[in-house]
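What follows is a single structure, written as structure tokens, with notes after it.
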Amino acid sequence: MSLMSGLFNYWAVAALLLIGLGIVVWQGNLIKKLVGLSIFQTAVFIFYISVGKVAGGTAPILDDSYSQYSNPLPHVLILTAIVVGIATTALALALVIRIKASYGSVEESDINGQDK
Amino acid sequence: MFSHLAILQVVVPLMGAPACFMLGKARLTWLMSLLISVVTCAISIGLLLQVYQQGPISYALGGWQAPWGIEYRIDIINAYMLLIVSAMGALVLLAAKDTALTDIDEHRRPLFYVAYLLCLAGLLGIAATGDAFNVFVFLEISSLSMYCLIALNKDRRALWAAFRYLIVGTIGATFILIGIGYLYMMTGTLNMQDLAQRLPAIADNNAVISAYAFIMVGVGLKLALFPLHYWLPNAYTHAPNLVTAFLAATATKVAVYLVIRFNFFVFSPSWADFIQLGNHVLLILGSVAVLWASWIAIRQTDIKRLLAYSSVAQIGYMVMGIGMSSLLSLQASLLHLFNHALMKGGLFLVLATIALRLGSVDTSQLRGLAQRMPLTFWAFVIGGLSLIGMPATAGFISKWYLVQAAIEQQSWLLVAVVLAGSALAAIYVWKVVEVFWFTDKNTASNTRHLSQPQVPVTMSIAMWLLIIANVYFGIDTRLPVTLSEMGAQLLSGAS
Amino acid sequence: MLIVVACFIARSKDLMVTVILFSIYGLLCASFFMLMDAVDVAFTEAAVGAGISPLLMLITLASVGRFQQAGRYPVVLIGFIGAVLGGLLVWATLGMPMFGDALAPVHQHVAPRYIEESGVEVGVPNIVTSVLASYRAFDTLGEVVVIFTAGVGVLSLLGGGSYQKRFLIDRIIDREEHKILRVVSKILIPPILLFALYVQFHGDYGPGGGFQAGVIFAAGVVLYTLFFGLKVVQQVISEMSVRVLAALGVLLYGCVGLVSLLKGHNYLDYYALAANPKTGQHLGILVIELGVGITVASVMILFFYTFARNFGGRGAVS
Amino acid sequence: MEYSLALQILILLPVLLVPAIVLTKNSPNMREAVSLAGGVVLLCLAIFCYQSLASEQPTQVTWLEILPGLSLSFLIEPYGVLFALVASFLWIVTTLYAIGYMRGHNESNQTRFYACFAIAITGVMGVAMAENLFTLFLFYELLTLSTYPLVTHAGNDKAKTGGRIYLSILLGTSILLLLPAIIITWSLTGTLSFQQGGILSQLDSPVLTSVLLVLFVFGIGKAALMPVHRWLPAAMVAPTPVSALLHAVAVVKAGVFSLLKVCGFIFGGDLLASLDVTQWLLYLAGVTIIISSLIAMRQDNLKARLAYSTVSQLSYITLGALLATSLSLTGGAMHIAMHAFGKITLFFCAGAIYVACHKTQVSELRGLGKQMPVTMVAFFIGSLSIIGLPPAGGTWSKWYLVMSTIDASQWFLLVALMLSSLLNIVYLLSIPVQAFMPVKNNPVQGIKEAPLFSLGAIVVTSLGCIWLFVQPQWLLDLIQQ
């Protein structure tokens, strides 16, 4: 397998990570930031799952007709991580609602401006 | 039951939280959570004794041996951290009687205790586990509960501070996750000990080096290591007063622990050049943090913010100790973990007491405090002296070791940094003391604020326990010195 | 594909579009996971990435407004950090084993035991389930606690405060006549809940488990709310009972561990639960998955309740 | 009673008085009686410790080991006893004086004043009896901190500024210079105990020891060697009893005493003599003596003049310490006592004048001799002692110091000492002389002497000056033990 196709997944992950992080720092809108954060996290999930893939393997559910399975451990880890991600997002959204209620805005610059 | 102390340490507060969640009444919840935290603290003492007498404990969760299952591995450093965190947790909770939480809306107070216990459980989980991914899970438990603890303050700025912390914290945690992912990819294991055995063989691999970088940046964000500290002053300033006390005494300490664990145990300077490089970077960042953050602290007018910057500086000391990576310096770091928890916990409790009594910690209200609340004032002075590092206080001991470590390496610049940090600390502490000490003619007769609620007895007890501990552990240093020495030996033995 | 969508998200100004794109992104992710043989993860991501989190975002949008202003930041600094980070990421990959390589260390050390032995040791065909619920059950306990923490957090932020007599969302729903939809949903909801139960208890064999089941169950309730209003639903499932259930789920999970402690085994050691090892494992997994399911479903419903109550930017903000 | 017990009580007694002082705050008479009684007991204890020197083995007490080898311990030894005797005796006198002064002045916060005073005395006793550098450092800092409230007693902006200078110099030097010096010493030698002949003498690195010496000499900011002397004039914002006891006796003497101990028992005379840097520091001491005398001449404020005079006199002792011959150490140690009595008398007088007629400037004192004859006579005697003229005690210490400079062929220092004496005559003696001069249209009419308590204190200390001239032998014996 060539370098290109062998590492393509990981490079895609890198790109997604950067886009996600870029949205977080670049965008002033809090919701947008959270979307960026989620993309950032998802990129890491993709990375883990890619690591777990075995060429020619199948889903890790025991069955007599298969002998090669993909690695189940990353799946487990990412299940956990997804849950953590949604928990974080939910909490953050709750914060956003409160921020909107007390600042009247969800734009970073507005909020910073108000507390000067 | 004694063989299960390791897991009970974490599970007791972890299960206690949902139990408290169902109680509903603030007073009841407080009593319950206090009971839980005291039990937790007792467990940590038992655990420490066990480790001290019999050496490291390995506890296989679910009966599955590591590296297949998750392992709790308690060596002397873990036990030491667990003791610090659980003791500080119990003490601050003792102060946090429901009537003391005036900066939190009344109907939210029961949830404060639940979140507090969750946070405690999360921090203890980080300190107890021997599994890298488990670190991430518990890091998130503690982080999420921390965000909501901070946001509990009535002040709207708390919301914004919590949100920013959430963003930064999540990025940090995800960085750690990337790092762990790289390590897992290269070794196929998540167990720290197993990692430590397998990594030396692939020490020069790009992915391993990147993993180290990601984990360090991630932990650095949590640690508020200069220059990644921007979230901390806001979070500390706007969090409810008692939350600040709790966070200052525990959260950053656990992050320091993680740095130590990864720098000297999972990775190790003995086989990886990049760790040595990393340690140099830490040393430089730590030194800059000490000087720069102290300097900023001097210019603050809000006392909570001032102490928050001081925390950034004090973290710098610990990181310096890690960066020098000698036996003495590691001991100094571990000692300072303990001592700084005592002083900052104590000082923030003093501030909480003042805020409760006067309804604010605004400088203009605090003039002449020495006359109105003399005992509290003296408590602040003692805590402040410990922060400066006066002899016969806890702070002196850690400075003593740190300076010695620097002298041992003949690095006079570092000696100068540590001492200059102390001198700057003297300035910012004294700035506050001066405000308290001198009476302003305009506010001298202004005593209307004393009509505020009485400070609960438990709060005063907790405050004085911490303040006295600052003096006690400056004089009778056997406990922290012995433990940190054992810890440092363990670390340098591993490296 | 993912990258393209991500770029669109980055560029779009309309937050509504952003969120919908984000949902598509989640769905794409899920299909990618499917391709990668990670069926459980795909299932979850589909439920979370394409379902729950866009939903919550939409509700939030309803109260904060859908358009954003443009913001600009020091480009050079961010560009520099991005370049360093990107460089590090790509540089790191050069040391990595090739994608899909069966000989990579990751497949050699710990994983083989799961694949080879779990059938015997745990006796559950779905290896992911056996790792999740048995080998690394403590992580999963942590995960449940994270969800619970988020529930506590959201409640502490949005809960309590002034209760409105009639929720705004109800007013909107009442005003418009959705007779047909209501009938359809009445037909739809029971199967959804049934499916949730199936996923819950079938997790041992196929993809699924407590988490997915909880999410689906919650989705059913959410759907019901959308058609019949919050007030009606809260009469059926009161907020108080949801709160209690959320805590009970965690406790249920934790107590399984305590039971094994009391029987003299290590925490969460399911062999302690029954004389026959396999029965013990089965029982353990069943109970903890139930705990997971209960907590996840109740916290999700709780999220929805509290968010929906703030619909329109009013409500619990005191 | 055991000597060791006496030693411990000696150190703890003053601080134990604090609760008693605070508890009796509603009855000033009781409060001051407690202070006085404490002072008397303290003096008795000091005398008792003095007797212990005659016994065969030294009395040493170790409270606890803070770190292995680093202990909080005390030892009765001649210099310390001398210092303790002087300080405890003068504490009684000062308390007497303070009663008159503070009441005559209607000062606020008197309880706090007495309490902090007592803590400061504990600091002094700790410094005097310290067995090692660490213990000394601890009490040194305690002394600094406990005197801060006293310096800023007035609570106004002037006090604030003064307090800032006071604290920043004393704390700054001790943290930045003294502490590293101590830690370096510790890591080089593994001990901090004061030992005959010094603990650094084994060290074979002149550069390092030179650096250490500089760190110590400037780190002990209380010794007020230029350029770290600024705190002393700044501290003069304090009420006069504080300036008298603390900033003429306790604090500054703690400084030079520490220096004496460091030079004598950490470095040792031989080592000091072999270092080039010692010579430079000696010159600096000489320069300090002359320059501060010159500055003193130009001060019109009486307390400021006295403060600069103190700076100058302290350098006498520093000089004695740095020469580190037996003659010079004797001279230095004696000067601790002599200068203490002389300067406290002068400060008492300054305070008495202030209480009686609210005058602070030297130029306003003309013709005051008629109204306040006792005060002015006492001032005269005190001045004589500072100058070093019979019949006052200062004669002896100056004699020893001069002898030691001749002995060591330090001609520059000899000149400095002589010149300074001349300057002393000009700026000190001129005050009582002018006061007794008959003046036309005397501006100071209807002024009486200060309150009786204060006057009594003045008389006691000025008699002390004379007594030390008559009976210097016990002092000599004590020092040379």
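Order of writing sets the labels: A, B, C and D. Residues in every chain begin at 1.
By our rule, a contact is a pair of C-beta atoms (placed from the backbone, for glycine too) under 8 Å apart; a residue touches a chain by one contact, two chains touch by 3 or more.
For each chain, UniProt lists the protein as follows: A = Cation:proton antiporter subunit C; B, D = Monovalent cation/H+ antiporter subunit D family protein.
Here the structure is a predicted model, which means the values were calculated and not measured.
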item	value
Chain whose mean Cα position lies farthest from subunit C	D
Inter-chain centre distance, subunit A versus subunit B - centres from mean C-alpha coordinates, in Å	28
Gap in Å, rounded to a whole number, between the CA centres of subunit D and subunit A	70
Distance between chain centroids, defined by C-alpha means - subunit B, subunit D (Å)	44
Centre distance in Å when subunit A and subunit C are each reduced to the mean of their C-alpha atoms	13
Subunit A residues counted as touching two or more neighbouring chains	17, 21, 51, 73-74, 77, 80, 84, 87-88, 91, 95-96, 98, 102
For subunit B, residues contacting two or more additional chains	133, 137, 140, 144, 147-148, 151, 184-185, 190
All touching chain pairs, where touch follows the definition stated at the start	A-B, A-C, B-C, B-D
Contacting residues of subunit A [partner subunit B, same complex]	17, 21, 24, 30, 33, 37, 40-41, 44, 47-48, 51, 73-74, 77, 80-81, 84, 87-88, 91-92, 95-96, 98-99, 102-103, 111, 115
In the complex, subunit B residues that touch subunit A	133, 136-137, 140, 144, 147-148, 151, 156-157, 159-160, 162-163, 166-167, 170-171, 174, 177-178, 181, 184-185, 190
Subunit C - residues contacting subunit A, complex	2-3, 6-7, 9-10, 15, 18-19, 22, 25-26, 29, 32-33, 36-41, 44-45, 48-49, 52-53, 56-57, 59-61, 63-65, 68-71, 73, 78, 82, 85-86, 89-90, 93-94, 96, 98-102, 104, 106-107, 110-111, 114-115, 118-119, 125-128, 131-132, 136, 139-140, 142-143, 146-147, 149-150, 153-154, 157-158, 205-207, 211, 296, 303, 306-307, 310, 313, 317
Subunit C to subunit B touching residues, read off their complex	88-89, 91-97, 104-111, 113-114, 134-139, 141-143, 145-146, 148-150, 152-153, 155-157, 159-161, 243-244, 246-248, 250-251, 254-255, 257-258, 260-261, 265-271, 318
Subunit C contact footprint on subunit A (complex, rising order)	1, 5-23, 25-29, 31-32, 34-36, 38-39, 42, 45-46, 49-63, 68-80, 82-91, 93-98, 100-102, 106-109
